[in-house]
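Chain naming follows the written order as A, B and C, and within any one chain the residues start at number 1.
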Amino acid sequence: MRKPAPALALLALLSATAAVASFAQAQSTAPSGDAARGRALFVDGCSSCHGFDARGRPGQAPSVVGAGAAAADFYLSTGRMPLDDPNEVPLRAKPAYSRGDIADLVAYVGSLGGPAVPPVDPAAGDLNAGFRAFTSHCAGCHQTLARGGIVPGGVAPPLQDDVTSRQVAEAVRVGLYVMPRFSERQIDQGTLDSIARWVQATRHPDDRGGWAIGHIGPITEGMVAWLLAGVALLLVARLIGERTR
Amino acid sequence: MARHEEKVVIRRAVRALDERLGSSPLLKKALRYVFPDHWSFLFGEIALYAFVVLVATGIYLTLFFEPSTALTTYHGPYAPLHGFEMSKAYSSSLDISFTVPAGLLIRQTHHWAALVFVVAIVVHLMRVFFTGAFRKPRDLNYAIGVTLLGLAILEGFAGYSLVDDLLSGMGLGIAYSVALSIPLLGANFAFFVWGGEFPGADSFEPRLFIAHVLIIPVLIATLIAAHLAIIMRQKHSQFPGPGRTERNVVGTPLWPGYALRSIGLLLAVAAVLFLMGGLIQVNPIWQWGPYEPWQGTNGAQPDWYMGWLIGALRLMPNFEPHVEGWTLAPNPFFGGVLFPAIVFGTLYLWPAVERRLTGDHARHDLLERPRDNPWRTAVGVAFFTWVFTIFAAGASDRVFVNLGIPYTGQVWVFRFAVLVLPVLAFFITRRVCRELHSSELHPLRDWVGTAVGRTSTGGFEEIRSGRGD
Amino acid sequence: MRLVRLLWRALVAIVLIAFHRSRRPTPAPPAAPARDQSLRRATPSPRAEQLVIALLFAVAVCAASFPVIYAVHDDTQLLGLALGLALALLAAAVIVAAKELVPYEVAVEERPELVRPEEEEEVVRLVEEGAEGVSRRRLLGLAAGAAGLSLGAALIVPAASLGPNVGNIIRETPWRRGRRVVDERGRPISADAVETRTFLTGFPEGADPRELGSPVVIVKIPPSELQLPAGRDGWAPEGILAYSKICTHAACAISLYRSPLYEPTAPRPALVCPCHYSTFDVRRGAAVIFGPAGRPLPQLPLAIDGERNLIAGGGFSGPPGPAWLGTRRRS
């Protein structure tokens, strides 16, 4: 074989990025914010729907009193809030606020009561416990490899890109938009750590088969069969088939 | 001289055969057998060669696969599944993918070959349909071809289901529901196949295995043999052209030109499949996990050739006729039984329908270009558009949701499109065919119009863009 | 990705080379070969011969590397590349040989006449002669028909062993009044573990969890919001509901719970099947609100025992799982 080098280099590169990514993941910690400044930001950017008293407006937006820091941190750090129109589906976007602003807002909402940002440590989790729990609780919407999926009336997002373990934990405990929530009684701390570990692992799954064509499964496989193999064989057929006319 | 020695060797071999089989007259005829030349005649051959690859890789896989739902605990190299209870079928498939050297290459090549096998059959079917190659005397062989398509789909689904990963199990659950939905006898039929209620008796997996590795492949091989024998008896159809008539075949003889080309095609098909098997991941079963009836995953999809049925199951409104509390036709009947019955029924009956409608009962050995028969081409395009729209509904949901189009709205758009697109396709195609036919344009060729060229005798002649092939 | 791109380029190059070479000796279109005369031209090109030889040596190199890779490090990508390239190069060699080395030939062959009236007559006569002198033809035919039919029927009987009689097997479920609801590991599920906006999977204690009548999905809705069908009073203690987890459409597991955090701006709570997205309204007895399912998920009446564990209050409200003829339902 003359060309083993690119394959090996690719493998090395993949494992290196995997290592770096999992290291970076473990580093994220929450800065503590200034609740008073957060209150000002809230009045400015959130009160048109959630109300000046943060108790919500009927039919528009829920009260954030008692919503807790976990929900606030999740919605703001994933860019799902603020929404232009309260009837829009909150989708993942670039955060509208800086990290510092988010910390302040979270501190303010947290000061109104409710669950704090849940602890999570993927390093303490167990990979196959994580896969097992993810399949039981999460795969129905997010797919076993966390590539996301469809819910009538919503979308379950893929959990790669820049989803942090903290956001995973917050989503599990709070249950945002139409996602159900899971308390300690359904998913204990160890299982939560394991789920976070599995979600991390899904960024770089074992793709020993080669090019993974998006991890979407048979749909893209069918496209490859038609468009790649089909076109290649069509070329060969054109090449050898037409000679006399 | 080497040349002379070669001749001696060949003569000896031919003589040796002759002395035992008297084969020379037959061989002479076979070597001179004429294949008309057109690239579109090769799709069937591609399917045949994909089948060759399927058999070769499949035999290898049977040497490692354990068709059993007996439970075992996984301790192989794939860490996320450590300690999982799973069937031996699934764990041995994992072993093929992880511990058998070259096992994953063969498994993936086998899967790609299955996908490409059905692609080639479908394209071949379309070629046969749109060129009128199904007309008498080939209507019988056409029916065999349609049967082969059905068997290929069944065979592929059986293989996909054998592995007993999460996708396999969900697919089988749907298949069981479709079997149950057959009016009156559905439950008996499903119990016969599964040996009891889903997920089935212990004998179900071995049954599926023997169907996949023996019964269906033998049927396919037998029908392929019949398909080829009939072609050789009738000789190939050909496009009209200079010197080509209903009574002859013009083209390349088997030896040496066509034999070499065909071997080249076999090698090219094998090359594409092995390259894909090595480089492009297909059905990574370890990423889905084992099946349990109470578990499901989003994005569960069948292989592409079952996609039209998923689309039909999804688009069907929640209609379930019942009388006095008895369910006459459970909902999966419409998408899973009635729809494929209509599609295959149309395909089987088309030659007879066309004979009846046109009153043309003559034998046809010259093909028609799609444009030459605008009416048939339009009906065909409408039909395939109808099936394709339903197929798309089974798969494009994911794409459209990612584009921000809600799923619930899509379903209504598709329900509408299923009724409207075929009609549109019919009229557009008929129009295009008529235009092309009257102007003799070739949509794929570079230039349009007329040019002037020199003839061999020194005169001038007009060259038109339509070259009549 | 890089490998794929590399491979793609190689493929394109091969195709281009072959195309280019094939164009070189563009043969004059065979001017209407006469009926019995074929066109033959043998002009092998030395360059093509060299190309084929080079390709064949390249095949040898690729193919020989396969066992080496197999022995040293059985990487699927490298193995596939070695074998696939060997085959591709061999294909190229054979195709170039077919187009450039062997004689170019256009032959004409007569098509066989399929219909031969005299021989047809002969066949008809031969078949008829087989029954010469037989007098009681109709009775004989009848007897043969009876023999054939009954023998066929007898031979097909063993097929009945393939599956059990349907009987009540589909209708029966392991759920009985008082049976405890347990989780995947067999531990009882406490009523206090079920909170609103979460979902759990439950099984009948001691029964086969893989049976379609076993798994239930458990959710909790504030009792004031429940609009269960008539006759289900007391089926949902403290608002805890259990529905069959097997979709009534096509037997997939109901593994989605759509549970709005703030309902005025989100869709209402529902259980959803991931296969064809049948959507069931949890408050209204799992009535179908979207998708192809023809009937609601059957509900399992629940009760809470002295230890606050969930127990079944009886059997399902209807037959669980996909429908068949015997699926009885209220019209």
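Convention: contacts are C-beta pairs under 8 Å (C-beta built on N, C-alpha and C of every residue); 3 or more make two chains touch, one makes a residue touch a chain.
All values reported here derive from a predicted model rather than from experimental measurement.
Asker: Among line, ring, star, complete and other, which best matches the way these chains touch?
Answerer: complete
Asker: Which chain would you call central, comparing Cα centres to the global Cα centre?
Answerer: Here the chain at the core of the arrangement is C.
Asker: If you tally the C-beta contacts for A-B and for B-C, which one comes out higher?
Answerer: Of the two interfaces, A-B and B-C, more C-beta pairs touch across B-C.
Asker: Provide the C-alpha centroid distance between subunit A and subunit C, rounded to the nearest whole angstrom.
Answerer: Computed from C-alpha means, the inter-chain centre distance equals 30 Å.
Asker: When the centre of a chain is set as the mean of its C-alpha atoms, what distance in Å lies between subunit A and subunit B?
Answerer: One centre to the other, that is 38 Å.
Asker: For subunit B and subunit C, what's the span in angstrom between their mean Cα positions?
Answerer: Spacing between the chain centres: roughly 14 Å.
Asker: Going by the touch rule set out above, which residues of subunit A reach two or more other chains?
Answerer: Counting only residues that touch two or more other chains, subunit A contributes 136, 139-141, 149-153, 208-211, 232, 236, 239-240, 243-245.
Asker: Considering subunit C alone, which of its residues make contact with at least two other chains?
Answerer: Subunit C, residues with two or more chain partners: 3-4, 29-30, 76-78, 80-81, 91, 95, 98-99, 104, 106, 201, 253-256, 274, 277, 290-291.
Asker: Got the subunit B residues that touch at least 2 other chains?
Answerer: Within subunit B, the residues that touch at least two other chains are 104, 108, 250-252, 261, 264-265, 268, 272, 276, 278-280, 295-300, 407-408.
Asker: Which positions of subunit B touch subunit A when the two form their complex?
Answerer: Result: residues 37-43, 46, 78-84, 97-98, 104, 108, 111-112, 115-116, 119-120, 123, 166-167, 241, 250-252, 261, 264-265, 268-269, 272-273, 276, 278-284, 286-289, 295-305, 307, 395, 397-398, 401-402, 404, 406-408, 467, 469 of subunit B touch subunit A.
Asker: What residues on subunit C touch subunit A, complex-wise?
Answerer: Going by the criterion above, the answer is residues 1-4, 6, 11, 15, 18-19, 22, 29-30, 61-62, 65, 68-69, 75-78, 80-82, 91, 95, 98-99, 104, 106, 184, 192-193, 195, 197-201, 253-262, 264-267, 270, 272, 274, 277, 279, 290-291.
Asker: Going by the contact rule at the top, pick out the subunit B residues touching subunit C in the complex.
Answerer: Residues in contact with subunit C: 32-34, 101-102, 104-105, 108-109, 137, 170, 173-174, 176-178, 180-181, 183-184, 186-188, 190-199, 201, 233-235, 242-243, 246-253, 256-258, 260-261, 263-268, 270-272, 274-280, 292-300, 310, 313-320, 322-328, 330-332, 335-336, 363, 365, 407-408.
Asker: Spell out the part of subunit A that touches subunit C in their complex, as residue ranges.
Answerer: 1-4, 6-7, 10, 58-62, 86-87, 136, 139-141, 149-154, 174-183, 185-186, 208-211, 232, 235-236, 239-240, 243-245
Asker: Under the stated contact criterion, what part of subunit C meets subunit B in this complex?
Answerer: Within the complex, subunit C contacts subunit B at residues 3-4, 7, 29-35, 38, 70, 74, 76-81, 83-88, 90-92, 94-95, 97-99, 102-112, 114, 159, 162-166, 169-170, 201, 203, 209-212, 214-215, 245-246, 249-256, 273-278, 288, 290-295, 321-331.
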